[in-house]
Amino acid sequence: MSQTNMPREFISVPMTVDVPYRFAAGKYLTRFLKELRDNGRFFGIKCPSCGRVQMPPRIVCAPCHVRNEEWVELGLEGTLVGFTVMYLPLTDPTTGKPHEPPFVYGAVVLDGADSSLSHLVNVEPDVEKIKVGMRMRVVLRPREERTGDLSDILYFEPAAGPVQD
Amino acid sequence: MTEEMDYGVFEVDQHITAHSRYYAGWMGSHFYIRLRDEKKIHGVRCESCAKVFWPPRSTCGRCFSQLTADDLVEIGPEGTVETFTRVDYEEPVHPRRAPLIYAVITLDGADTGMAHFLGEVDFDRIEIGMRVRPVFAEERKGHILDIAYFKPV
Amino acid sequence: MSDRVAIVSVAQTRFSPKRADLNYAELAYEVIEQVLTETGLTIEEDVDNAVSCSHDIWDGQTISNIGITDVIGGHLRNEEKMAMDGSTAVYYAAIGILSGEFDCTLLLAHTKMSQTNRNIVNNTAFDPIYTRPLGFDFTSAAALQARRYMHMYCVTPEHTAAVAVKNLGNAMHNPAAHNGGRYTVADVLASPHVAPPIRRLEMAPDTDGAVAMIMVSEEKARRLTDRPVWVKGLGTCYDAHYLGDRDLAECLALEKAAARAYRMAGLTDPAGEIDVIELGDEFSYQELLWLEGLGVCERGRAGALLESGATAMDGRLPVNPSGGLLGGVPANVSGLNRVAEAALQIMGRAEGHQIEGVKTAVAQGHTGFCGQHHCVIVLTRD
Amino acid sequence: MKRNVAVIGGGQTRHAARRQDVNQVEMVNEAVRAALLDARMTMDEIDAVLVGNMEFFEGTHFTDCWLVDGMGAYGKSGLKITTGGTVGATITCAGAHHVASGLFDKVLCIGFEKQEEGDTGAILSGVAHPLYGRSMAGAAVGYFAMMGSSYMATWGAREEHSAMVAVKARQNARKNEYAHLKLDITIADALNSRMLAYPIRLLDMCPASNGACAMILADEKTARDRCDKPVWIRAMDTAHNEQFELDWSDVTTKRPIFSRVSAARLYKKMGIGKPAEFFDVFEIYEPATWAELVWYEDLGLCGPGEGFRMIEAGKTEIDGPIPVNPSGGVLSTNCIGASAMLRVWEAALQIRGEAGDHQVPREVRRALTTAYGGTNWTVLIALSAGLDD
């Protein structure tokens, strides 16, 4: 490209694309989110073929490609299976509010489930003090603050019990 | 299996909001600088197609020729209405309140049209072939709305 | 390896203005389960490819085929999303089978128009530098095309209104459609302008729904059914982007896409050889313009063809016996639905709106505003 | 495939964080012109144009319809597919299918991303399910951080090992004139870079790049007539993964993993027993350093838990026995929609012996490429210099 093609400045057009949605949770997530919001309970769904208890509940067990139908209530405690200490602010895109770093973000498998749930973990952000296999419990917001979203969970916190393998 | 219970429907309102910035490119920047600073409208001539295109572009879509800043030619400012419509509904993506009168206008000297607004005109008196000229915005910033609208000549 | 590709099963949800009870994966599974049950095929044993069709911005999810990976059988398998109209998904799935790489492809298109605002969504399809800031949407753009076309080819408001009368009437006989109704030309012309010359009854309504289809190689088709629907010809073509870049009364891309599809199918006299057409009438004028682009009449003669009754359910060349998009079919799903309806006509299973003796059917779909990309599919039976 | 398919030309832009001199149409056009020049072909000769990018990353719907002039697609057959980060490889497969079908002889494939124009943070958080996880949507970094901590805890690797990957990528990039991050860094630099999410540091992650890649695929007759060094597409395999169960971050998982399943299928199709010996070079899609080590293992280049020993021993350096990402990889250049196609194009350049300063210093006849995107999705493509290879 010859130099004469270059203009003396590059013009740009700023634009905010703002698209509104009204999402339907659907049959499976509606029950899950309403039980969480109204009763503080967690439910998984069991595959009739492989027996895997999936959370969140969903219509099909993907590896088996069969319809899930059996609801299973899960524990409010579970086991930490992975974690990180976040040093980046994590902004909740649905509210625009950031979680101030550093904080611990971890994946917990609730008792009775085969799936993990990733959320904040309320422990000191020190990798030496956190162990995969630690027992965790869910801490929920008070009923009146819950909306039917994973943000109804405030965080996980350590629970009594030996570290699991 | 657990008892079936009617949980009804659950709907949640959310937005996806993305802040973008689109670069006009080197050819488009020439166009916008001249529009902003000189109130002049340019198209680009493709020699091999013998056509003048608006908006100016650096590749001719028809023959794939590479075009340069030397191929820019001033077009208009007057032009001819090729088609038009009006919308009375409001949408957040509209730059101004309805009703909006849209038209495709082929500027004199160009072979392709510009989609833009018509203003200062009674909708019922607009017709295809009507001659129009641009009304430039007072404050121009290198944006398509540096042309406020076109009005009948 | 296969030289021919067949459609062996199709399923559609009952289309509806709003399905608040289901998310899009659940909506999709309704139809996926139907085509698998009907054919007895399984993901594990039979299906070796999946092509979906929807759009992130419609679904409200980035990489939105994540949301249907489970239900379409994409786990640890091949799945790709056609980011265009659903007709192009058929085109691409057929090419995959013709390549010898795949034997059995599950297709899906889904969209819940009710969950967002079509004008905001469609505004983002206009180039951001010259056109989008003006606030265009597909209705205002279509109105520019409608007026130009009507002006250049002497098409009257009565012609476009008669398209709506025909298709809304046909939709009454289609159990999947939700927008059918008995109207007169006067009723249509009395409905309010949305963007003149387009009136309220002349545009496709917001609709939620999904369509699934199974396409297979010739060998597999022979084992599955004695009434396969053959994909005999296919063609696509891109047109220019900007509204002013082309005379909106013309439809070069459709003419080229149709020529490609007809050449492959060996169709030399489309008007004489095609028994039924399902096309993308997002707006009533499009049925006339696209018919001309499909070459079943001369330019400017589609209005007269319609007036002659030829395109009616009992005419010599029925067009959109399903009621078309005016009858209520979601965006994006529209093209897969056109092909599905054309296939049902050939299978003899177009419940309530079957045309007798269909041997050759043509489906057309388009992407973008004013037909920026067209896809034409020719279907036949043995 | 019913017909053999070859890459007969390709090209890429110079990738960068800022490309304010071009719009998206012009940026894509640079890669298309480079590909045509490389193939000594004119746009008139192209039968179909296929394009992919991260859908809506730049906030534009039906991007293909806008880019039509730059792509040269006006009046031509074509389509746009999206499959997240894997899309550049998906488009390559789509091109191969087009040619193999017998309906098209010369197909132009394009992948691109102009990340600076869109809102990467907002659009990436949209990957999470809107009602399950979006409010908690961590950046991709959180996922790869868990992978890193799982890898270290399980196999005894240390942060130094990921730093070695970070250094290899950026040092290789310095030899690649088109790469974005050409950094003359040391292991100490990597270990001292800003912590993002333990153990992922700034230099463990890919950048946000602007750029495009284009390739021309052709049938055997055209390839032999028109191209001195056609590079043959020998096998392709795609594996997506379910929406919610993302086991790649847990190196101890017993469940089948997309990467291993896909590699096993591809090797079976080709009858390959020892991939590390069979292939002469690898171009893999590593969005984070730890993923490169896991790829070594999942591709069977070494045993489980031995990936970090490979980098420690320098086996995957440009001049090592198993060169991986001589181009600098995704850690050095990530224009997402182009990234997976760049793997294929870089592998093709290696086979042609035309990779320039980052050419592997030995004969390259066979190459394997990977892609990564979505919720653990991949596309593997095997390439060779001859049909007998």
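Every chain is named by a letter (A, B, C and D) in the order it is written, and numbering of its residues begins at 1.
Heads up, the rule we're going with is that contacts are C-beta pairs under 8 Å (C-beta built on N, C-alpha and C of every residue); 3 or more make two chains touch, one makes a residue touch a chain.
Worth saying up front: this structure is predicted, and the values here are computed from it rather than measured.
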item: Common touching chains of chain C and chain A; value: B, D
item: Given chain A and chain B, the chains that contact each of them; value: C, D
item: More contacts between chains, C-D or B-D; value: C-D
item: Farthest chain (mean CA position) relative to chain C; value: A
item: Centre-to-centre distance between chain D and chain B (centres being mean Cα positions), rounded to whole Å; value: 36
item: Mean-CA-position distance for chain D and chain C (Å); value: 34
item: Centroid spacing, where centroids are CA-atom means, of chain B and chain C in whole angstrom; value: 29
item: Junction residues of chain A - those touching two or more other chains; value: 6, 10, 12-13, 15, 17-25, 27, 29, 33, 58, 62-63, 94, 149
item: For chain B, residues that touch 2 or more chains besides their own; value: 9, 11-12, 14, 16-28, 58, 61, 92, 143
item: For chain C, residues that touch 2 or more chains besides their own; value: 20-21, 57, 60, 69-70, 74-76, 117, 120-121, 124, 128-129, 132-133, 240-241
item: Chain-level touch network, classified as line, ring, star, complete or other; value: complete
item: Interface residues, chain C side, partner chain A - complex; value: 19-23, 25-26, 29, 33, 42-44, 57, 60, 69-71, 73-76, 112, 114-117, 120-121, 124, 128-129, 132-133
item: Chain A residues touching chain C - in the complex, by the definition given at the top; value: 13, 15, 17-29, 58-63, 65, 67
item: Sites on chain A touched by chain B in the complex; value: 1-2, 4-25, 27, 29-31, 33-34, 69-71, 94, 148-149
item: List of chain A residues in touch with chain D within their complex; value: 6, 10, 12, 15, 17, 21, 23, 25, 29, 33, 54-56, 58, 62-63, 81-88, 90-95, 105, 107, 115, 118-120, 127, 132, 149-151
item: Residues of chain C touching chain D in the complex; value: 1, 55-57, 60-67, 69-70, 74-84, 88, 91-92, 95-96, 98-101, 121-122, 124-129, 235-241, 252-253, 256-257, 260, 264, 367-368, 372-373
